[in-house]
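Since the structure comes first, as C-alpha coordinates, the remarks are kept for the end.
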Amino acid sequence: MATETLLPLELIDKCVGSQIWVIMNSGKEFTGKLLGFDDYVNMVLTDVTEIDPAEGNTQLPKILLNGNHICMMVPGGDATEVLEDE
Amino acid sequence: MATETLLPLELIDKCVGSQIWVIMNSGKEFTGKLLGFDDYVNMVLTDVTEIDPAEGNTQLPKILLNGNHICMMVPGGDATEVLEDE
Amino acid sequence: MATETLLPLELIDKCVGSQIWVIMNSGKEFTGKLLGFDDYVNMVLTDVTEIDPAEGNTQLPKILLNGNHICMMVPGGDATEVLEDE
Amino acid sequence: MATETLLPLELIDKCVGSQIWVIMNSGKEFTGKLLGFDDYVNMVLTDVTEIDPAEGNTQLPKILLNGNHICMMVPGGDATEVLEDE
Amino acid sequence: MATETLLPLELIDKCVGSQIWVIMNSGKEFTGKLLGFDDYVNMVLTDVTEIDPAEGNTQLPKILLNGNHICMMVPGGDATEVLEDE
Amino acid sequence: MATETLLPLELIDKCVGSQIWVIMNSGKEFTGKLLGFDDYVNMVLTDVTEIDPAEGNTQLPKILLNGNHICMMVPGGDATEVLEDE
(Lines give C-alpha, C1' and ligand atoms only; values in the text may rest on other atoms or scores of the structure.)
Protein backbone atom coordinates (compact mmCIF):
# COMPACT_ATOMS: atom_id res chain seq x y z
CA MET A 1 0.00 0.00 0.00
CA ALA A 2 2.95 2.33 0.69
CA THR A 3 3.77 2.30 -3.01
CA GLU A 4 0.51 4.06 -3.68
CA THR A 5 1.85 7.29 -2.25
CA LEU A 6 2.37 10.00 -4.85
CA LEU A 7 3.85 13.35 -3.88
CA PRO A 8 2.61 16.54 -5.57
CA LEU A 9 5.95 17.31 -7.24
CA GLU A 10 6.25 13.68 -8.38
CA LEU A 11 2.90 13.95 -10.12
CA ILE A 12 3.91 17.19 -11.83
CA ASP A 13 7.28 15.74 -12.81
CA LYS A 14 5.56 12.79 -14.48
CA CYS A 15 3.57 15.26 -16.56
CA VAL A 16 6.54 17.09 -18.10
CA GLY A 17 6.26 16.66 -21.86
CA SER A 18 2.59 15.67 -21.62
CA GLN A 19 -0.73 17.45 -21.91
CA ILE A 20 -2.16 18.87 -18.72
CA TRP A 21 -5.28 20.81 -17.82
CA VAL A 22 -4.83 23.71 -15.45
CA ILE A 23 -7.58 25.60 -13.66
CA MET A 24 -6.59 28.94 -12.17
CA ASN A 25 -8.11 30.38 -9.01
CA SER A 26 -9.79 33.07 -11.09
CA GLY A 27 -11.60 30.42 -13.13
CA LYS A 28 -9.34 30.68 -16.21
CA GLU A 29 -8.56 27.28 -17.74
CA PHE A 30 -5.67 26.20 -19.94
CA THR A 31 -4.62 23.01 -21.67
CA GLY A 32 -1.14 22.57 -23.09
CA LYS A 33 2.07 20.60 -22.93
CA LEU A 34 4.02 21.08 -19.70
CA LEU A 35 7.59 22.21 -20.49
CA GLY A 36 8.75 22.74 -16.93
CA PHE A 37 7.88 23.73 -13.38
CA ASP A 38 9.57 24.77 -10.14
CA ASP A 39 9.10 24.30 -6.41
CA TYR A 40 6.50 27.07 -6.31
CA VAL A 41 4.48 25.08 -8.88
CA ASN A 42 5.04 27.85 -11.45
CA MET A 43 4.56 26.15 -14.83
CA VAL A 44 5.66 26.75 -18.42
CA LEU A 45 3.19 25.47 -21.01
CA THR A 46 3.53 25.34 -24.78
CA ASP A 47 0.91 24.88 -27.52
CA VAL A 48 -1.61 26.33 -25.11
CA THR A 49 -5.34 26.66 -25.48
CA GLU A 50 -7.06 29.06 -23.12
CA ILE A 51 -10.52 27.59 -22.73
CA ASP A 52 -13.23 30.21 -22.60
CA PRO A 53 -16.72 28.90 -23.33
CA ALA A 54 -18.13 32.43 -23.30
CA GLU A 55 -15.72 34.25 -25.65
CA GLY A 56 -14.14 31.35 -27.53
CA ASN A 57 -10.77 29.63 -27.09
CA THR A 58 -7.41 31.37 -27.62
CA GLN A 59 -4.21 29.73 -28.86
CA LEU A 60 -0.94 30.84 -27.24
CA PRO A 61 2.47 29.43 -28.22
CA LYS A 62 4.04 29.60 -24.77
CA ILE A 63 3.02 30.92 -21.36
CA LEU A 64 4.18 31.09 -17.78
CA LEU A 65 1.54 30.41 -15.15
CA ASN A 66 2.12 31.63 -11.60
CA GLY A 67 1.85 28.70 -9.20
CA ASN A 68 0.25 30.98 -6.63
CA HIS A 69 -2.85 31.23 -8.77
CA ILE A 70 -3.06 27.64 -9.99
CA CYS A 71 -5.95 26.01 -8.17
CA MET A 72 -5.93 22.53 -9.71
CA MET A 73 -3.94 20.54 -12.26
CA VAL A 74 -5.35 17.49 -14.02
CA PRO A 75 -2.96 15.24 -15.95
CA GLY A 76 -4.16 14.45 -19.46
CA GLY A 77 -5.23 17.73 -20.99
CA ASP A 78 -8.90 17.67 -20.17
CA ALA A 79 -11.49 15.56 -18.48
CA THR A 80 -12.12 13.50 -21.62
CA GLU A 81 -8.55 12.34 -22.34
CA VAL A 82 -7.10 11.51 -18.94
CA LEU A 83 -3.71 9.99 -18.25
CA GLU A 84 -3.72 6.61 -16.58
CA ASP A 85 -0.14 6.22 -15.44
CA GLU A 86 -0.16 3.30 -13.05
CA MET B 1 -3.80 15.83 28.06
CA ALA B 2 -0.58 16.49 26.11
CA THR B 3 -1.30 13.43 24.02
CA GLU B 4 -4.33 15.20 22.62
CA THR B 5 -2.14 17.52 20.57
CA LEU B 6 -2.36 16.89 16.84
CA LEU B 7 -0.23 18.86 14.40
CA PRO B 8 -1.63 19.80 10.99
CA LEU B 9 0.85 17.69 9.02
CA GLU B 10 0.25 14.76 11.39
CA LEU B 11 -3.45 14.91 10.62
CA ILE B 12 -2.81 15.00 6.89
CA ASP B 13 -0.27 12.19 7.15
CA LYS B 14 -2.85 10.00 8.90
CA CYS B 15 -5.19 10.58 5.97
CA VAL B 16 -2.86 9.27 3.24
CA GLY B 17 -4.64 6.34 1.59
CA SER B 18 -8.01 7.40 2.99
CA GLN B 19 -10.94 9.43 1.76
CA ILE B 20 -10.83 13.14 2.48
CA TRP B 21 -13.10 16.06 1.75
CA VAL B 22 -11.42 19.24 0.57
CA ILE B 23 -13.01 22.67 0.30
CA MET B 24 -11.14 25.20 -1.79
CA ASN B 25 -11.12 28.92 -1.11
CA SER B 26 -13.14 29.48 -4.26
CA GLY B 27 -15.90 27.23 -2.94
CA LYS B 28 -15.02 24.21 -5.10
CA GLU B 29 -15.31 20.92 -3.19
CA PHE B 30 -13.65 17.59 -3.83
CA THR B 31 -13.73 14.15 -2.26
CA GLY B 32 -11.17 11.51 -3.08
CA LYS B 33 -8.40 9.31 -1.76
CA LEU B 34 -5.32 11.21 -0.63
CA LEU B 35 -2.24 9.86 -2.43
CA GLY B 36 0.28 12.34 -1.10
CA PHE B 37 0.99 15.86 0.11
CA ASP B 38 3.92 18.16 0.80
CA ASP B 39 4.88 20.87 3.26
CA TYR B 40 2.88 23.47 1.34
CA VAL B 41 -0.21 21.26 1.85
CA ASN B 42 -0.37 20.63 -1.90
CA MET B 43 -2.32 17.38 -2.27
CA VAL B 44 -2.64 14.61 -4.85
CA LEU B 45 -6.06 12.94 -4.88
CA THR B 46 -7.23 9.94 -6.86
CA ASP B 47 -10.74 8.67 -7.65
CA VAL B 48 -11.94 12.20 -7.24
CA THR B 49 -15.44 13.57 -7.25
CA GLU B 50 -15.81 17.30 -7.77
CA ILE B 51 -18.99 18.13 -5.90
CA ASP B 52 -21.10 20.70 -7.68
CA PRO B 53 -24.73 20.83 -6.56
CA ALA B 54 -25.57 23.30 -9.32
CA GLU B 55 -24.08 21.60 -12.40
CA GLY B 56 -23.70 18.01 -11.20
CA ASN B 57 -20.68 16.09 -9.93
CA THR B 58 -17.61 15.34 -12.07
CA GLN B 59 -15.37 12.29 -11.78
CA LEU B 60 -11.61 12.82 -12.22
CA PRO B 61 -9.05 9.99 -12.00
CA LYS B 62 -6.25 12.04 -10.47
CA ILE B 63 -5.70 15.70 -9.59
CA LEU B 64 -3.23 18.00 -7.93
CA LEU B 65 -4.70 20.63 -5.61
CA ASN B 66 -2.64 23.69 -4.77
CA GLY B 67 -2.30 24.01 -1.00
CA ASN B 68 -2.50 27.78 -1.29
CA HIS B 69 -6.12 27.52 -2.29
CA ILE B 70 -7.22 24.74 0.05
CA CYS B 71 -9.35 26.33 2.74
CA MET B 72 -10.35 23.30 4.79
CA MET B 73 -9.76 19.55 4.83
CA VAL B 74 -12.08 17.12 6.57
CA PRO B 75 -10.91 13.53 7.12
CA GLY B 76 -13.45 10.95 6.01
CA GLY B 77 -14.65 12.01 2.58
CA ASP B 78 -17.69 14.00 3.54
CA ALA B 79 -19.67 15.06 6.53
CA THR B 80 -21.65 11.83 6.58
CA GLU B 81 -18.80 9.30 6.69
CA VAL B 82 -16.26 10.82 9.07
CA LEU B 83 -13.06 9.17 10.28
CA GLU B 84 -12.84 8.59 14.01
CA ASP B 85 -9.14 7.88 14.56
CA GLU B 86 -8.66 8.06 18.32
CA MET C 1 5.43 47.08 30.45
CA ALA C 2 7.73 44.73 28.54
CA THR C 3 5.90 41.80 30.10
CA GLU C 4 2.77 42.82 28.25
CA THR C 5 4.24 41.68 24.93
CA LEU C 6 2.52 38.63 23.47
CA LEU C 7 3.76 37.07 20.27
CA PRO C 8 1.27 35.57 17.80
CA LEU C 9 2.54 32.01 18.18
CA GLU C 10 2.56 32.41 21.99
CA LEU C 11 -1.10 33.35 21.89
CA ILE C 12 -1.96 30.37 19.70
CA ASP C 13 0.13 28.06 21.88
CA LYS C 14 -1.82 29.16 24.97
CA CYS C 15 -5.02 28.19 23.19
CA VAL C 16 -4.09 24.55 22.50
CA GLY C 17 -6.69 22.42 24.25
CA SER C 18 -9.12 25.33 24.54
CA GLN C 19 -12.03 26.65 22.55
CA ILE C 20 -11.22 29.15 19.84
CA TRP C 21 -13.24 31.08 17.30
CA VAL C 22 -11.77 31.28 13.81
CA ILE C 23 -12.93 33.55 11.01
CA MET C 24 -11.73 32.65 7.54
CA ASN C 25 -11.00 35.19 4.82
CA SER C 26 -14.00 33.92 2.89
CA GLY C 27 -16.27 34.75 5.81
CA LYS C 28 -16.67 31.15 7.03
CA GLU C 29 -16.58 30.90 10.83
CA PHE C 30 -15.72 27.96 13.07
CA THR C 31 -15.59 27.29 16.79
CA GLY C 32 -13.87 24.27 18.21
CA LYS C 33 -11.10 22.98 20.42
CA LEU C 34 -7.60 23.66 19.08
CA LEU C 35 -5.64 20.40 18.85
CA GLY C 36 -2.52 21.76 17.20
CA PHE C 37 -1.00 24.30 14.85
CA ASP C 38 2.21 24.93 12.94
CA ASP C 39 4.38 27.87 11.92
CA TYR C 40 2.10 28.61 8.96
CA VAL C 41 -0.78 28.99 11.45
CA ASN C 42 -2.46 25.92 9.96
CA MET C 43 -4.76 24.63 12.69
CA VAL C 44 -6.39 21.33 13.63
CA LEU C 45 -9.72 21.71 15.42
CA THR C 46 -11.91 19.07 16.98
CA ASP C 47 -15.59 19.14 18.05
CA VAL C 48 -16.11 21.83 15.46
CA THR C 49 -19.16 23.92 14.75
CA GLU C 50 -19.25 25.71 11.43
CA ILE C 51 -21.34 28.78 12.13
CA ASP C 52 -23.66 29.65 9.28
CA PRO C 53 -26.53 31.94 10.24
CA ALA C 54 -28.06 31.57 6.78
CA GLU C 55 -28.08 27.77 6.33
CA GLY C 56 -27.71 26.58 9.92
CA ASN C 57 -24.69 25.32 11.84
CA THR C 58 -22.80 22.12 10.93
CA GLN C 59 -21.00 19.81 13.34
CA LEU C 60 -17.66 18.32 12.22
CA PRO C 61 -15.57 15.96 14.36
CA LYS C 62 -12.18 17.15 13.15
CA ILE C 63 -10.90 19.57 10.53
CA LEU C 64 -7.72 21.11 9.21
CA LEU C 65 -7.86 24.82 8.47
CA ASN C 66 -5.27 26.34 6.12
CA GLY C 67 -3.48 29.17 7.88
CA ASN C 68 -3.32 31.07 4.61
CA HIS C 69 -7.05 31.58 4.72
CA ILE C 70 -7.48 32.24 8.44
CA CYS C 71 -8.20 35.93 8.82
CA MET C 72 -8.69 36.21 12.58
CA MET C 73 -8.56 33.99 15.65
CA VAL C 74 -10.31 34.87 18.91
CA PRO C 75 -9.45 32.86 22.04
CA GLY C 76 -12.51 31.62 23.90
CA GLY C 77 -14.78 30.09 21.31
CA ASP C 78 -17.02 33.02 20.52
CA ALA C 79 -17.58 36.59 21.46
CA THR C 80 -19.73 35.65 24.46
CA GLU C 81 -17.32 33.32 26.28
CA VAL C 82 -13.92 34.96 25.97
CA LEU C 83 -10.74 33.74 27.63
CA GLU C 84 -9.15 36.14 30.08
CA ASP C 85 -5.67 34.69 30.54
CA GLU C 86 -3.71 37.41 32.32
CA MET D 1 18.58 62.10 4.82
CA ALA D 2 19.64 58.51 5.49
CA THR D 3 18.19 58.80 8.99
CA GLU D 4 14.75 59.21 7.47
CA THR D 5 14.66 55.55 6.45
CA LEU D 6 12.15 53.49 8.42
CA LEU D 7 11.86 49.77 7.83
CA PRO D 8 8.44 48.09 8.03
CA LEU D 9 9.31 45.95 11.05
CA GLU D 10 10.86 49.00 12.78
CA LEU D 11 7.59 50.86 12.38
CA ILE D 12 5.61 47.94 13.79
CA ASP D 13 8.08 47.51 16.63
CA LYS D 14 7.62 51.16 17.63
CA CYS D 15 3.89 50.53 17.84
CA VAL D 16 4.03 47.68 20.38
CA GLY D 17 2.07 48.84 23.41
CA SER D 18 0.32 51.59 21.45
CA GLN D 19 -2.96 51.94 19.61
CA ILE D 20 -2.97 50.96 15.97
CA TRP D 21 -5.57 50.88 13.21
CA VAL D 22 -5.55 47.81 11.00
CA ILE D 23 -7.42 47.42 7.72
CA MET D 24 -7.77 43.87 6.45
CA ASN D 25 -7.84 42.94 2.78
CA SER D 26 -11.49 41.99 3.14
CA GLY D 27 -12.34 45.48 4.32
CA LYS D 28 -12.65 44.59 8.02
CA GLU D 29 -11.13 47.25 10.28
CA PHE D 30 -9.83 46.99 13.83
CA THR D 31 -8.37 49.37 16.38
CA GLY D 32 -6.60 48.12 19.47
CA LYS D 33 -3.36 48.00 21.40
CA LEU D 34 -0.61 46.01 19.69
CA LEU D 35 0.70 43.30 22.04
CA GLY D 36 3.08 41.62 19.65
CA PHE D 37 3.88 40.65 16.07
CA ASP D 38 6.14 38.33 14.13
CA ASP D 39 8.08 38.33 10.86
CA TYR D 40 4.94 37.41 8.92
CA VAL D 41 3.31 40.57 10.30
CA ASN D 42 0.85 38.44 12.23
CA MET D 43 -0.36 40.67 15.09
CA VAL D 44 -1.89 40.21 18.53
CA LEU D 45 -4.19 43.04 19.59
CA THR D 46 -5.91 43.64 22.91
CA ASP D 47 -8.85 45.89 23.85
CA VAL D 48 -10.00 45.61 20.28
CA THR D 49 -12.82 47.39 18.52
CA GLU D 50 -13.98 45.92 15.25
CA ILE D 51 -15.25 48.92 13.32
CA ASP D 52 -18.35 48.17 11.32
CA PRO D 53 -20.33 51.23 10.28
CA ALA D 54 -23.12 49.06 8.89
CA GLU D 55 -23.76 46.66 11.80
CA GLY D 56 -22.17 48.56 14.70
CA ASN D 57 -18.83 48.12 16.44
CA THR D 58 -17.84 44.98 18.38
CA GLN D 59 -15.53 44.83 21.40
CA LEU D 60 -13.11 41.89 21.64
CA PRO D 61 -10.63 41.41 24.49
CA LYS D 62 -7.86 39.81 22.45
CA ILE D 63 -7.41 38.69 18.86
CA LEU D 64 -4.83 37.30 16.47
CA LEU D 65 -4.80 38.82 13.00
CA ASN D 66 -3.17 36.90 10.16
CA GLY D 67 -0.50 39.07 8.54
CA ASN D 68 -1.41 37.58 5.16
CA HIS D 69 -4.70 39.39 5.25
CA ILE D 70 -3.58 42.69 6.77
CA CYS D 71 -3.66 45.26 3.98
CA MET D 72 -2.60 48.40 5.86
CA MET D 73 -1.58 49.43 9.37
CA VAL D 74 -1.81 53.02 10.61
CA PRO D 75 -0.06 53.94 13.87
CA GLY D 76 -2.29 55.85 16.25
CA GLY D 77 -5.55 53.96 16.42
CA ASP D 78 -7.57 55.80 13.81
CA ALA D 79 -7.32 58.63 11.37
CA THR D 80 -8.22 61.22 14.01
CA GLU D 81 -5.60 60.43 16.64
CA VAL D 82 -2.42 59.75 14.71
CA LEU D 83 1.00 59.12 16.20
CA GLU D 84 3.65 61.69 15.36
CA ASP D 85 6.86 59.97 16.40
CA GLU D 86 9.63 62.04 14.78
CA MET E 1 22.47 46.00 -23.09
CA ALA E 2 23.28 44.20 -19.84
CA THR E 3 23.33 47.54 -18.05
CA GLU E 4 19.65 47.94 -18.83
CA THR E 5 18.72 45.25 -16.32
CA LEU E 6 16.94 46.58 -13.24
CA LEU E 7 15.98 44.25 -10.44
CA PRO E 8 12.73 44.79 -8.52
CA LEU E 9 14.45 45.54 -5.21
CA GLU E 10 16.90 47.88 -6.98
CA LEU E 11 13.99 49.88 -8.35
CA ILE E 12 12.36 50.11 -4.92
CA ASP E 13 15.67 51.03 -3.31
CA LYS E 14 16.09 53.93 -5.75
CA CYS E 15 12.68 55.20 -4.67
CA VAL E 16 13.44 55.49 -0.93
CA GLY E 17 12.98 59.15 -0.02
CA SER E 18 10.94 59.84 -3.17
CA GLN E 19 7.29 59.94 -4.06
CA ILE E 20 5.75 56.69 -5.24
CA TRP E 21 2.29 55.61 -6.35
CA VAL E 22 1.08 52.28 -5.01
CA ILE E 23 -1.95 50.35 -6.23
CA MET E 24 -3.21 47.63 -3.94
CA ASN E 25 -4.81 44.42 -5.15
CA SER E 26 -8.13 45.58 -3.72
CA GLY E 27 -8.02 48.69 -5.90
CA LYS E 28 -6.97 51.08 -3.11
CA GLU E 29 -4.37 53.63 -4.28
CA PHE E 30 -1.84 55.61 -2.28
CA THR E 31 0.77 58.23 -3.05
CA GLY E 32 3.43 59.19 -0.53
CA LYS E 33 7.12 59.30 0.22
CA LEU E 34 8.72 55.88 0.62
CA LEU E 35 10.50 55.66 3.97
CA GLY E 36 11.53 52.03 3.79
CA PHE E 37 10.77 48.53 2.56
CA ASP E 38 11.81 44.94 3.17
CA ASP E 39 12.31 41.75 1.18
CA TYR E 40 8.58 41.03 1.26
CA VAL E 41 8.02 44.41 -0.43
CA ASN E 42 6.24 45.66 2.69
CA MET E 43 6.51 49.45 2.52
CA VAL E 44 6.39 52.36 4.96
CA LEU E 45 5.05 55.58 3.45
CA THR E 46 4.84 59.05 4.97
CA ASP E 47 2.79 62.11 3.96
CA VAL E 48 0.33 59.75 2.39
CA THR E 49 -2.72 60.48 0.29
CA GLU E 50 -5.22 57.70 -0.12
CA ILE E 51 -6.75 58.38 -3.51
CA ASP E 52 -10.46 57.70 -3.61
CA PRO E 53 -12.29 59.36 -6.49
CA ALA E 54 -15.64 58.23 -5.10
CA GLU E 55 -15.40 59.35 -1.46
CA GLY E 56 -12.58 61.92 -1.64
CA ASN E 57 -8.92 61.66 -0.73
CA THR E 58 -7.65 61.02 2.82
CA GLN E 59 -4.38 62.31 4.30
CA LEU E 60 -2.45 59.93 6.58
CA PRO E 61 0.86 60.86 8.24
CA LYS E 62 2.41 57.39 8.12
CA ILE E 63 1.29 53.91 7.06
CA LEU E 64 2.55 50.40 6.61
CA LEU E 65 1.42 48.61 3.46
CA ASN E 66 1.58 44.83 3.31
CA GLY E 67 3.66 43.77 0.31
CA ASN E 68 1.35 40.78 -0.17
CA HIS E 69 -1.43 43.10 -1.24
CA ILE E 70 0.59 45.59 -3.29
CA CYS E 71 -0.23 44.95 -6.93
CA MET E 72 1.85 47.64 -8.65
CA MET E 73 4.27 50.41 -7.72
CA VAL E 74 4.98 53.37 -10.00
CA PRO E 75 7.94 55.63 -9.18
CA GLY E 76 7.07 59.31 -9.19
CA GLY E 77 3.90 59.67 -7.16
CA ASP E 78 1.32 59.52 -9.89
CA ALA E 79 0.99 59.12 -13.60
CA THR E 80 1.51 62.86 -14.20
CA GLU E 81 4.82 63.37 -12.37
CA VAL E 82 6.90 60.34 -13.25
CA LEU E 83 10.52 59.75 -12.31
CA GLU E 84 12.93 59.48 -15.20
CA ASP E 85 16.04 58.04 -13.59
CA GLU E 86 18.23 56.95 -16.48
CA MET F 1 13.19 15.11 -25.59
CA ALA F 2 14.93 16.17 -22.38
CA THR F 3 16.09 19.35 -24.10
CA GLU F 4 12.47 20.41 -24.40
CA THR F 5 12.29 21.15 -20.68
CA LEU F 6 12.04 24.85 -19.88
CA LEU F 7 11.98 26.04 -16.30
CA PRO F 8 9.82 29.04 -15.33
CA LEU F 9 12.76 31.23 -14.35
CA GLU F 10 14.60 30.24 -17.56
CA LEU F 11 11.64 31.44 -19.60
CA ILE F 12 11.52 34.75 -17.73
CA ASP F 13 15.28 35.16 -18.02
CA LYS F 14 15.06 34.75 -21.80
CA CYS F 15 12.53 37.57 -21.87
CA VAL F 16 14.72 40.21 -20.17
CA GLY F 17 15.11 43.07 -22.65
CA SER F 18 12.10 41.89 -24.70
CA GLN F 19 8.42 42.71 -24.82
CA ILE F 20 6.17 40.66 -22.59
CA TRP F 21 2.46 40.58 -21.88
CA VAL F 22 1.46 40.25 -18.22
CA ILE F 23 -2.01 39.46 -16.91
CA MET F 24 -2.59 40.18 -13.25
CA ASN F 25 -4.91 38.18 -11.03
CA SER F 26 -7.25 41.17 -10.82
CA GLY F 27 -7.62 41.18 -14.61
CA LYS F 28 -5.28 44.15 -15.21
CA GLU F 29 -3.06 43.65 -18.28
CA PHE F 30 0.26 45.22 -19.15
CA THR F 31 2.68 45.05 -22.06
CA GLY F 32 6.19 46.42 -21.81
CA LYS F 33 9.88 45.60 -21.93
CA LEU F 34 11.08 43.41 -19.07
CA LEU F 35 13.99 45.10 -17.27
CA GLY F 36 14.41 42.59 -14.48
CA PHE F 37 12.80 40.08 -12.16
CA ASP F 38 13.55 38.15 -8.97
CA ASP F 39 12.84 34.75 -7.47
CA TYR F 40 9.38 35.86 -6.36
CA VAL F 41 8.62 36.67 -10.03
CA ASN F 42 8.36 40.37 -9.15
CA MET F 43 9.00 42.19 -12.44
CA VAL F 44 10.21 45.63 -13.51
CA LEU F 45 8.78 46.77 -16.83
CA THR F 46 9.61 49.88 -18.85
CA ASP F 47 7.72 51.60 -21.71
CA VAL F 48 4.57 50.08 -20.30
CA THR F 49 1.07 50.12 -21.69
CA GLU F 50 -1.72 49.28 -19.29
CA ILE F 51 -4.35 47.73 -21.52
CA ASP F 52 -7.86 48.73 -20.57
CA PRO F 53 -10.44 48.21 -23.29
CA ALA F 54 -13.10 49.94 -21.20
CA GLU F 55 -11.33 53.15 -20.18
CA GLY F 56 -8.51 53.33 -22.74
CA ASN F 57 -4.83 52.43 -22.47
CA THR F 58 -2.39 54.23 -20.16
CA GLN F 59 1.33 54.73 -20.80
CA LEU F 60 3.69 54.40 -17.83
CA PRO F 61 7.47 54.84 -18.10
CA LYS F 62 8.41 52.27 -15.48
CA ILE F 63 6.54 50.04 -13.03
CA LEU F 64 7.09 47.29 -10.51
CA LEU F 65 4.62 44.42 -10.62
CA ASN F 66 4.24 42.20 -7.56
CA GLY F 67 4.86 38.58 -8.54
CA ASN F 68 2.18 37.50 -6.06
CA HIS F 69 -0.48 39.03 -8.25
CA ILE F 70 0.87 38.08 -11.66
CA CYS F 71 -1.37 35.34 -13.01
CA MET F 72 0.19 34.72 -16.42
CA MET F 73 3.09 35.98 -18.52
CA VAL F 74 3.21 35.62 -22.30
CA PRO F 75 6.51 36.29 -24.11
CA GLY F 76 6.15 38.63 -27.06
CA GLY F 77 4.08 41.58 -25.87
CA ASP F 78 0.65 40.45 -26.89
CA ALA F 79 -1.12 37.60 -28.57
CA THR F 80 -0.47 39.00 -32.04
CA GLU F 81 3.32 39.39 -31.89
CA VAL F 82 4.54 36.29 -30.10
CA LEU F 83 8.14 35.28 -29.54
CA GLU F 84 9.21 32.03 -31.14
CA ASP F 85 12.48 31.28 -29.40
CA GLU F 86 13.32 27.72 -30.32
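As written, the chain order gives the labels A, B, C, D, E and F, with residue 1 at the start of each chain.
Methods note: a contact is a pair of C-beta atoms (placed from the backbone, for glycine too) under 8 Å apart; a residue touches a chain by one contact, two chains touch by 3 or more.
Just so you know, these numbers come straight off a predicted model, no measurement behind them.
Listing every chain that touches chain B and chain F alike gives A. The set of chains in contact with chain B as well as chain C is empty. Farthest from chain D in terms of Cα centroid separation is A. In a homomeric contact, the two copies may use the same or different surfaces; for chain C and chain D, under half of the interface residue numbers are shared, pointing to different surfaces.
With each centre defined as the average position of its C-alpha atoms, the distance from chain E to chain F rounds to 20 Å.
In terms of their C-alpha centroids, the spacing between chain B and chain E amounts to 40 Å. Chain E has residues 25, 68 in contact with two or more other chains.
Chain E contributes residues 16-17, 24-26, 28, 35-38, 40, 42-44, 46, 58, 60-66, 68-69 to its touches with chain D in the complex. Those residues of chain E that touch chain F in the shared complex are 1, 4-12, 25, 27, 41, 67-68, 70-76, 79, 82-85.
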